[in-house]
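Shared between the two complexes below is subunit A, which pairs with subunit B and subunit C, respectively.
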Partner chain A sequence: MWQLILFNVTNGLIIGAFYVLMALGLSLILNLSNVINFAHGGFLVIGGYIAYTITPYIGFWGALLLAPPLTAVIGLAVERVLIRPLYGRDPLYSLLLTFGLAFMIEDGTRFIFGPQGKPVTIPAFLAQPLSNELFFITGYRLFMVAVVVIAVTLLFLLLRYTRLGVRIRAGTLDLETVAALGINVQMLRSLNFAVGIFLAGLSGVLAAGQLGLEPTMGTGLLMPSFIAIIVGGIGSLPGTLAGGLLIGVASGLTAVFLPAASEAVIYVLMAVVLLLRPRGLFGEEGMMS
Partner chain B sequence: MSSEQTRKLIALAAIWAALLLAPYWMVPLGGYTSLATRVLVLGLAAMSLNFLLGFTGVLSFGHAAYFGLGAYGAGLALKFIALSTPLALILGMLLGGVCGAILGTLIVRRRGVYFAMVTIAFGQVFYYIAFQWSSLTGGDDGLRGFSRQPLDFGAFKIDILSSANNFYYFVLFCFALAVGVMGFILRSPFGRTMIAIRENERRARFLGIPVERHIWIAFTLSCFFMGFAGALYALVNNFADPRGLHYSQSGDFVMMAVMGGMRSFWGPLLGATVFVVLQDYLSSVTVNWMSFVGLLFVLVVLFFPRGLLGFLQRSKA
Partner chain C sequence: MSSHILNPKFDRRTLIKGAAALGAFQVASPFIIQARGDTPIRIGMVDPLTGVYAAPAGNEVVGAKLAVTQMNAKGGILGRQVELLVEDSANDVGTGVQKARKLIERDQVNFMIGDVNSGIAAAIAQVTAEKKILHIVSGGHTDSITGKDCKWNVFRVCNTTRMEANSVSSVLFSKYGKKWHFITPDYAFGHTLYDACTDDLKKLGGTVTGNELTPLGTTDFSAYLIKARAASPDVLILLVQGSDMINCLKQVVQFGLDKQIHVAGTQQELESLAALPPEARIGIWMFEWYWKQPGVAGVDKFVADIRKLNNNNVPTARHWFGYASAMTFALIANQEKTTDAVKLAAALENFELPDDVKLQPNKVYYRKGDHQLMTSAFVGEAQSKGKDDPEDLFRVDEVVAGDKTAPAVGETGCTVQWPS
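Here is the complex of A and B:
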């Protein structure tokens, strides 16, 4: 029994780590630019398929290093051409636009790569389980968690100590004042968007190694990421981090006792949190309005 | 009567004439009557959403949930409770509306993008329920095994099952009823208050209007209308689909409202007409219709943000 529980908690934590990467990117863009990026799952897929395409030439490690920045460049272009004209407008429009974009990316990858799943080969030593007893903890899973931890730590260091990070945080609180201080807000938004998409691309590469690639995989991860943000508290990145891990573990644990409800439980969790703490676990006053 | 009023009256007469005669002009144009019925039902859904979106200014991106609930409510009523079309419509409407009223209490305090996010996430709850509870709902395959029933007036019966035209006029009657109520609410002091909240929420609050309660009432009413439209949709297809609850369906409804023109009462009907006909056409000519629908979203947002009616009005002015 303990093994089953441990297995599912581990599973939950790993899935939670994906939610965290996705949700942090979404959260960054939402907080600064007030854009709900429905195409975030699409960028994850792009990252995964880029990795799939370049792995035969430069290997898994090269793809891991190269695919996320390439995805971020695509994101930068999309932001510049499609999303920038919408900043001053009702958030409805950016929502609809990214919604349409998500359709196009999903259908586009299906058109180019076919509807079947594609495997991405990972280095052989990572595919081994650690021990017979803990057969479910493969090296790759540990490796994924390590990459997520490193990425999240770097993100928080970036936001805490670099000039760009300070500006992003300041802009989240009061973009008008930041603009009045002579900071190029357009540039700030673009860079912030690129950082968010970089994280989506990174999750795409990691997911490709674990689950294989499918054009629809991004859509499935999108809704839990939304819930991670809402549960953690909109406007709070540490909240998003906690929210992602929490719903991952919650759905993992539910899978032990009531498999059919493992997906529904995250919605229940969200309803309970919103009832008891309408701002979310880490939400701050004023962030919701 | 001023020329403005005359123009409005003529437009209104033209809309109803076009709707009343649809079975006669659609078929020669290459359409079919059940396509007209579908346009009417989805148009009603888009108008119900726009009741909230366009007239209260609150962005709900999860309204398909209440549409789908209406469909499941009607289907389950026909399957398990009684073979009565009106009862199915009423129960479907109630299921959508009551669920909306309950969730609304959790949602109404949020605004803008956050309102949208929470509505999307809560909307998905019902998708998962419909998907997972297969013993009741049929799961992924959808709810089958029911069909709309003839209308029984005691002395005579109207067959709406096999006659596409009869059914179209029945749906048009329901549509007129719902749209009439909607128009009546929007003209009432309550409707004016909704528009005041849309225009300037802070000012409305300073005037002593309980904004949260008004938004909750508007949300709930729009869920009732949505449930009604969903119940009709179940009758159209004799089938309830879990994908009708999914947020991508919500996106389609928002698109219909935006494409037609959010600020006008009839805009969403126009948007629904264009959207449904286009989707019907695209899915018959290409397997990549999803890309084209996505492209349509992008183009409308970038170039026609006020929708077709907004575009026409502005170019006239």
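Here is the complex of A and C:
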């Protein structure tokens, strides 16, 4: 039994790492621009399908490098054309816009690639499990965790040590003052949005290798990411990181004892956190007042 | 810039407005496939075009579309042109019922088809019975639809879960072993399929080592697979469907579990096998219809017709479900020369589908007593690569007639109550 629990905690951390990648992108956009990006799952799908389309020409590794920035470029265009005009309005507008956009991306993908799923082939050496005993740790899942660790490290370095990162962090705390200091807030929001969508695109490529592709895949992966943000605390990137890992482990552990509740448990966890600590584990008070 | 522009914040009213807008979003106009003539006959179709069953549902619609085109070319129903009105149930019971009501009350459909999701199909059946609309459940398998909850107006084209289990259980038992562990989708379809399999297994003298109930739309099955392997079964039976089947089977193979235990199941679909990488196309299963049937009348033409509508891809069982469902309305209404639901339902009892609609070797008919179509099970094994055709991903070993797999009417729990 202990072995089963240990296996599921490890497994939960692996799944949680993936949620973290999605949630960090969402969190960046929410923190700076107050846009709840319902289309984030859609951008994940776009990233995945871009990778699927270019893999025959440049291979899996090429797709891994190229698909996320291409997704970010699409994100940048969407932000410039659709989302930017709504910044001055009630946040509900951008929420509805991204909600509609999520449907459009899903249906657009279905229109172009068909409703049937597409298999994505990963390099053979990654497709093997580590051992018979630790069968659930495959090379690809370890690789995913490694990519997440690298991406998260780079993101935190970017936010801490670069001018852009400092401005994003400052803007998250007080955008009005940042604007008063002469910083181009529109540009800041665009770049921040692109970084968030880059992470969604990267999640898409990784998910494509793990799960295969289908137009609806974004929806299922989006909800846990939202919950990771809420559990970790809105406004806190370390909170998002902790939230993602926590719901992964909670879900994995529940699968041992009550498999049918392994999905519901993340919502229960969210409810408990909101009851006991409404700002989330690492959140600051008043972020969503 | 004002602080509102820079830092707009959410409040409760904003969220309520959002919820209201989402509600309004549900009441959009249906997608009308064809509209000709003054008083067309309308067939309503509710299927989950989005969500985990989007691929099979989309294919059912294509099949029904082909049927409507063919029947209109032959003069329609009672000389009137036929329209197909398609609505998306979004794989949600509430939405499905709402769409069915809209089709009946606003669009005045004469007939209804749907849904792939058993839970939604059963809920829509309540509505069609109340409104006296002839209803064919194209692709929802749970037993109760033609069992204890059967209705005078409801007929079903796809197999019951009991028929699926009966067609393949003994083969799985003899080839793979007697200790079975299940991965089951946690809703009506999964529960009845699990019950049917375990009943068969007990009769055969086997044991169940466990059952993992998984929520519909699960993307990661690793936690369940860890538990299943710890139970050391002879065979892992996957009862999940749609994208759940794809994700689960893919992870089974990634983890190398197929090299340690047998992996198989009951219902398998071409949509799922096509979406899997070759190495994950494994196991013994049953198909409900298969496109490669050398020498069977009408199949080649049907395959060619569907290819034209389906990006040159072959038809799946779902295409045939949609096609057979829509064709049934035309056949029976033209035979009885009426659209009266009660008369047509009575005439459909023991009604046999003709060769160009049944598209399989055995006798296929709507059984009197429970209104279940006695359709065949195609039992065989998944193939990693097609021999002559890349889409030939299943080797059919046996085509078992529906009345050999279906339990007797008396055992289904169905008592049809006709309207007075």
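Here are some notes:
Here is the rule we go by: the second predicted complex is superposed on the first by the 282 of 289 C-alpha atoms of A that agree within 3 Å, B and C clash if a C-alpha of one lies under 4 Å from a C-alpha of the other, contacts with A are read in each partner's own complex, and residues count from 1 in each chain.
Here, contacts are C-beta pairs under 8 Å (C-beta built on N, C-alpha and C of every residue); 3 or more make two chains touch, one makes a residue touch a chain.
What you are looking at is a predicted structure, and each value in this text was computed from that prediction instead of being measured.
In the superposition on chain A, no contact is made by A:Ile150 with either subunit B or subunit C. In the superposed model, A:Ile5 makes contact with neither subunit B nor subunit C.
Once the two complexes are overlaid on the shared chain, A:Glu106 sits against subunit B and subunit C alike. Touch criterion met: A:Gly88 reaches subunit C, while subunit B stays clear of it. Judged by the touch definition given at the top, the superposed model places A:Tyr267 against subunit B, while subunit C stays out of reach.
Contacts of A:Leu65 after superposition: neither subunit B nor subunit C is touched.
Looking at the shared chain after the overlay, A:Ile230 reaches subunit B, while subunit C stays out of its contact range. Contacts of A:Asn34 after superposition: both subunit B and subunit C are touched. A simple residue count on subunit A separates subunit B from subunit C, and the partner touching more is C. In the superposition on chain A, A:Met187 makes contact with neither subunit B nor subunit C. In the three-chain superposition model, subunit A touches both subunit B and subunit C at residues 34, 89-92, 95-96, 99, 106-107, 260, 263-264, 288-289.
Here subunit C touches subunit A in the complex through residues 1, 3-10, 14, 17-18, 21-22, 49-52, 54-55, 57-59, 186, 212-215, 217-220, 222-227, 229-230, 243, 246-247, 250, 254-257, 260, 271-272, 274-277, 280, 311, going by the rule given at the top. Against subunit C, the residues of subunit A that register as touching in their complex are 3-4, 7-8, 11-12, 14-15, 34, 87-92, 95-96, 99, 106-107, 110, 114-121, 127-129, 132, 135-136, 138, 140, 175-176, 179, 185, 210-212, 214-217, 219-221, 251-252, 255-256, 259-260, 262-264, 288-289. By the touch criterion stated above, subunit B contacts subunit A in their complex at residues 53, 59, 61, 106, 109-114, 116-118, 120-122, 124-125, 128-129, 132, 247-248, 251, 254-255, 258, 288, 290-291, 293-298, 300-302, 305. Contact residues on subunit A toward subunit B in their complex (touch as defined above): 30, 34-36, 38, 82, 85-86, 89-97, 99-104, 106-108, 111, 223, 226-227, 229-230, 234, 260-261, 263-264, 267, 270-271, 274-275, 278, 288-289.
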